[in-house]
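Order as written gives the chain letters A, B, C and D; numbering starts at 1 within each chain.
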Amino acid sequence: MDEIIKQTGVVENDHVKKWKDDGGRVIGYVCVATPTEVIDAAGLMPYRIRALGNSNTEIADAHMSRFNCNFCRSCLQLGLDGIYDFLDGMIETNGCDHLRGMVENWNYVKKFDFLHYIKVPHIVDEDSLKYYEEELRLYKKAIEKHFNLAITDEEIWSQIRRHERIRDKLRTIYEMREKDEPAFTGAEVLSIFLLATAVPAGVLEGLLDRVIEERKDNKIEGYKARLLLGGSATDEVDFVEEIEGIGGLVVTDALCYGSRAFWPHIGDKKESDPFKAMAKTYLEKLLCPRMFNDFPSRRDFLFSAIERAKVEGVVLIHNKFCDVHGVDNVLLRIALENKGIPVLQLEKEYGAAADIGRMKTRVQAFLERISDSR
Amino acid sequence: MITVGCDIGSLFAKAVILDDDELIASKIVRTTGNMADEVDEFLKDVIREAGLSRDRIDCLGGTGAGADILKDAEFVESTLTCVGAASSYYIPETRLSIDIGGQSITSMLLDENGRVLNFMRNDKCASGSGRFLEVMSDKLDVEIEDIDQTVAKSRKTVAISNQCGVFAESEVITHVNNGEQTPDIIAGVCDSVANMVATQGRRFGMAEHYTLTGGVAKINFVTGVIKGKLDGTFHPFPFDPQLAAAIGAALLGD
Amino acid sequence: MKLGMSPGLFDRLVHLFRVVNRVPDPVLKKLGAILMALNVLPSDLASAAGALLAPQSREAGVVFLKMLSKWIVEAHSAAREGKKVILVPFNFPPELIHAFDKAVPLTSEVLTTMGVAILKGQGERYWDIAMGLGLPDHLCSANTIELGSMLGREDFQPDAIISSAPGGCDVNSKIHEFASHYLDIPQFFLQKPPDDSGRGREQYSVYMRTLISQLEEFIGEKLTEDKLRGVIEKANRCTELYFDIWDFHKAAPNPVPNIFALFMYGTRFSMWGREEGVKTFEAMVKVAKERLAQKAYPAEKELARCVWCYTSYYYDFMGLFNWMEDQGYSHLGDGLDLYFPQIIDTSTMDSMIEGLAESAWNMPMTRQVGGESMSRSWTEDVVFVARELNADCVIYCGHHSCKQTWSVISILRKELMNQLGLPLLILQGDSWIKKMTPISVIQQEIDEFIKNVVARKTTKKRELRKRKKIKSDLQ
Amino acid sequence: MFFAGIDIGSLTAQAVVIKNGKIIGAKTISVLPHPVDSAKEVIDRLLSKQEIKWEDIKCAVSTGYGREKIQQEGLTRENISEISCHGLGAYTINPNIRTVIDIGGQDAKVIKVNQSGKLDNFVMNDKCAAGTGHFLEVMSKTLGVSLDELGPMSRKSRKPVEMSNRCTIYVETEVIHFLQQGVSKIDIAAGINRAMAERVVALARRVEPEKEIMMTGGVAKNVAVKSEIEKTLKVKMVKSKIDPQIMGAYGAALFAQKQEGAK
């Protein structure tokens, strides 16, 4: 576990370094709508872009405005600062307007050797599904062309199966954090997830096995309440630590740097064509508020997590200027309140240190409210 | 030729007297609600300070947001024009001047005659103005004048990342409560101001030679951080940078 | 839809426009009678009427107002007649809904803009209702104000909402999704693939056809070729007139009153494809033609020719348009005027639906920031219009809600400078809510920009005295 | 048995000592840069007027921005958020209270308590907010009047000015501009109070406030803001028997008493 936490603290971790030293190539991607199976099938390493709570955006702000989400500006800052120079290419998706702007400015100032844009529909329906499926084929072709290699359906299938194994291991870790006596803190699980999207798949399987073994009898005690954390892109481990520091144990989440990214199972779909299978899962089970006609599935995902993990209170956060989560969190809050589940809605500045004082007052009061209602 | 320049800003009123291009007297007071009544007295003071009488003054030029209260000004020019004029008169090679005012940060591209080619203000909701620095240092019981010597004692820089002045204050209070030392927090406040200024500088793409004007440019720590961040050669404004607009107004007088 | 007088934004507009309807055109038109008209009009209307019926644009202003009142009152009575009222965003072609007998379109941004321009207290109280629900304060006020009025259950409720912003704007899509869930109103979609390859365009037609069949089922009426042709032919007429005005814009001084920028898209987003829409455009062409003939211009001389690359400001009762004109600053149109309509082939049902898809594809925002690159198509359009109408500056309103434009505005600024050497003024202020940036500040910024940067050669400036030998201690 | 509550806010620090529920001493000072200094200072100033010594205090609880530090310093046994403290304080004074509006230096809060005084729900400002005590403090400085005058003076206003800005930072220069134009301080003060009330009401709307409302915190003393809020929310504020500004510290003291009872 300690090893994982150490590696999570930096963007270019030792595993990435080793992969590069061994001549491996790394492809960055920005959001969960990117089927990384294809990148792995090409023998490349997918790397999920993150900002790790960096709050200095001095260079990025010269390009994007302060009305753009600070998480995206932080990523742009790191990009323009050369922190991501180890990338051999980037896969763009239209996750949200801020994210698109981030990649666009990045590429405007500092051209990527390879940039491919997967256009992900905003609606779940037959028309969109067909279009997205074709997008995934083009995405594969683009990688084949640029890196001058061939990706067989068999290879994609075997990568899908490997990713299924990884999804299962991550689910196991969630079961361990969600049980009555949690084996992990929320901060630890976030660290695990962050590393899981920043190491070669081969390395990852072993890592996960070891940490599951290490923690199988571990019990986290002495917390005040069991919380679910949901909302915006949150890769700030220390923010979660602060919440847990005052007794709110995050026993599960609905974050895209968390369960939303790996929960759906591709294996669930009985498909012969790997692209059909991926398209269905990645579009129909995207669970992201950038989709505009499937709020119920996001709400129900939240409800089932609450039930599984015996959650006592829900904390919904969004970064200042985040449009999709800012609005979705209100609908979710209303849905939860109607069910009588305590919920706290927070709008925070990105970068853990920034708002922690204000946030802690709110969270502490929320915990007091929960213990009062017991 | 004796000319007077008077700049009624959002926070301070400044007046200067130039003998040709030599600064012979200057005065800075905080703008109050009664400025309209006090402005004549204020001008008298600075003229007296120069050991002159009113009739020796060849021209009074006004500038600043509140310039409309200067009844006997012969002309009123925008702060942009004045800061541009002053910067390029004394530092002919400057092509970029970043003015850190009470309310906003303005970067100006200048031509060889000190005319403003283009300008840009910082984003609203963005910390970094003089007022921001005032509020924060006030919270920490540090006089603006003492910032440099306070920061000298700092061992590290505490990051202040809130862009909203109101929330940034909560951030500062949080740091205090977490036992952070005043010098380190002040350093952080200055650093966040410097970041905003550097960002403004980058927006046009840096010029080879630039200067900084406005009250905040008096703080060496801030200018130091900015220098470290920006390419191009920094030329300190030869007089108190808070006087730049007033001096420009005086230079434009005839 | 709730009938009768309620404190809702839409119902208040209906109330006011009933009055406008009653005032006969000649009365509205006659200069002297204007003041009289203002006195009989509710005071809320007075200040806006001052701008909408200013002498230089009055001939068209009256027709424009009459068009809007027809649009509003029609929608209001639609419910009684058992028709469906369908709420659409500005980037959706309303002519499609006009082609149905049993449905009428209402455009949320147009309602908000009218409310802000005409109603006492403007949009604030409706905005506060939305904020009261805990919605973020960086949402698009153009939608949040009208929808806030509904969310407070003070106002009428549409029978369905169409969202055509997916792909072009998250905020717009999101607030419509919210309203549809919160009020339990069915929602239909026309999403834009951010895809410049032919594939994207083909897919868009597929989406359009799916939407049409969904609407047919919901409204309970088949789209008939004749009805559609009737609408499209009028739309085509509007297109011709649109380009007449476009060409007038090229003359200097600009013979097109500044406020026509608003009239043009105000018509596009409401009565395009209706007789009233055609009349409004005809009236605008007439005014511009006469002004061109007389070489008339409200100010002494035209100091600057400005293109607004996104929206303008509407919270000061439309005063900014005429204020600019009085200063000699011509307003050559907004980003919202950049919908480049095309003559649609009316020979078959299929050709007309294809044409509709094409117009929707080219709607403002959809066409620019909805493109594969948020900055490329936008830059191309702004560069094109600036060159065509030989503008000498571009102004960005900087509505803090428009995250897509804000995130690439620095690219647009650099490209304008590189390609045309044109300066871009970046303002910051909510176009529909006055409390973000007071209009006086906006005006001052525009003044400073034009006097210092744009019209530097023409405006007389004080000369900086010749440098004396600089003392070394200064260096 | 004596119990104490210490509330270190961003502008002022309060200490309250109670004996079986009754307040026997209270003190308010403006904060020193460091919370622990403020705490020690306010305690000393309070006890200096009493016969009791700090040792006689059975249990103390801290709240407010400095609550954690005070506890870490061992001055208090526990720290509890100001939200709970204001809730319990107001409820104890009048058990009919269900909604508490507390406007502190940095945060405005609307607190709902249930029929047994327990925290039910709450909202705090996280938007562009002029709705804080800090806002009024800055404005009174700019106007050159004391914070206490701000409320009463505006009652004489005939036409309150309308602030054209949401943001505190910008409202400040707007006020200076009004003054330069010779607008009367009375009308400006009224405008400031109205702006303040508007923000608080917008916040209160997020939790349907119930009829029985009490306002706590320093701003509660501002008659103008209070009546503006009453007008727009169409409610009558329940008057607090004690100084609303010490409500947080009082609540903390009550928690301290509970603590002791608990074990």
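Quick note on the criterion: a residue touches a chain if its C-beta (ideal position, glycine included) is under 8 Å from a C-beta of that chain, and two chains touch if they have at least 3 such contacts.
Bear in mind the structure is a predicted one, so any value in this text is a computation, not a measurement.
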Next on the checklist: Over the chains that touch one another, what is the least number of steps taking subunit A to subunit D?
Outcome noted: 1
Checklist entry - Using each chain's Cα centroid, which is most distant from the centroid of subunit D? => result C
Checklist outcome for this item: Counting C-beta pairs in contact for B-D and for C-D, the higher total belongs to B-D
Checklist entry - How far is the middle of subunit B from the middle of subunit D, if each middle is the mean of its Cα atoms, in Å? => result 36
Item to check | Centroid spacing, where centroids are CA-atom means, of subunit A and subunit B in whole angstrom | outcome: 44
Checklist entry - Which whole number of Å gives the spacing of the CA centres of subunit B and subunit C? => result 40
Checklist outcome for this item: Listed in rising order, subunit C residues that touch 2 or more other chains are 133-134, 136, 400, 410, 436-437
Next on the checklist: Which positions in subunit A are in touch with at least two other chains?
Outcome noted: 62, 65, 67, 347, 357-358
Item to check | In subunit B, residues with contacts to at least two other chains | outcome: 123-125, 170, 173-174, 177, 203
Checklist outcome for this item: subunit A partner, complex, touching residues on subunit B are 123, 125-126, 159, 161-163, 167, 170-171, 173-174, 177, 195-196, 198-199, 202-203, 229
Checklist outcome for this item: Listed in rising order, the residues of subunit A that touch subunit D in the complex are 346-348, 357-358, 361-362, 364-365, 368-369, 372-373
Item to check | subunit A residues touching subunit C - in the complex, by the definition given at the top | outcome: 62-65, 67-69, 72, 94, 96-98, 100-102, 104-105, 108, 117, 119, 121-123, 125, 127-128, 131, 134, 289-290, 292-293, 295, 318, 320-324, 326-328, 330-331, 333-334, 345, 347
Item to check | Residues of subunit C that touch subunit B when the two form their complex | outcome: 400, 410, 423, 426, 428, 436-437, 445, 448-449, 451-453, 456, 461-465, 467-468, 470, 474-475
Checklist outcome for this item: Per the touch rule, the subunit B residues reaching subunit C in their complex are 20-21, 75, 77-78, 80-81, 85, 88-90, 92, 113-121, 123-125, 203, 238, 251-252, 254
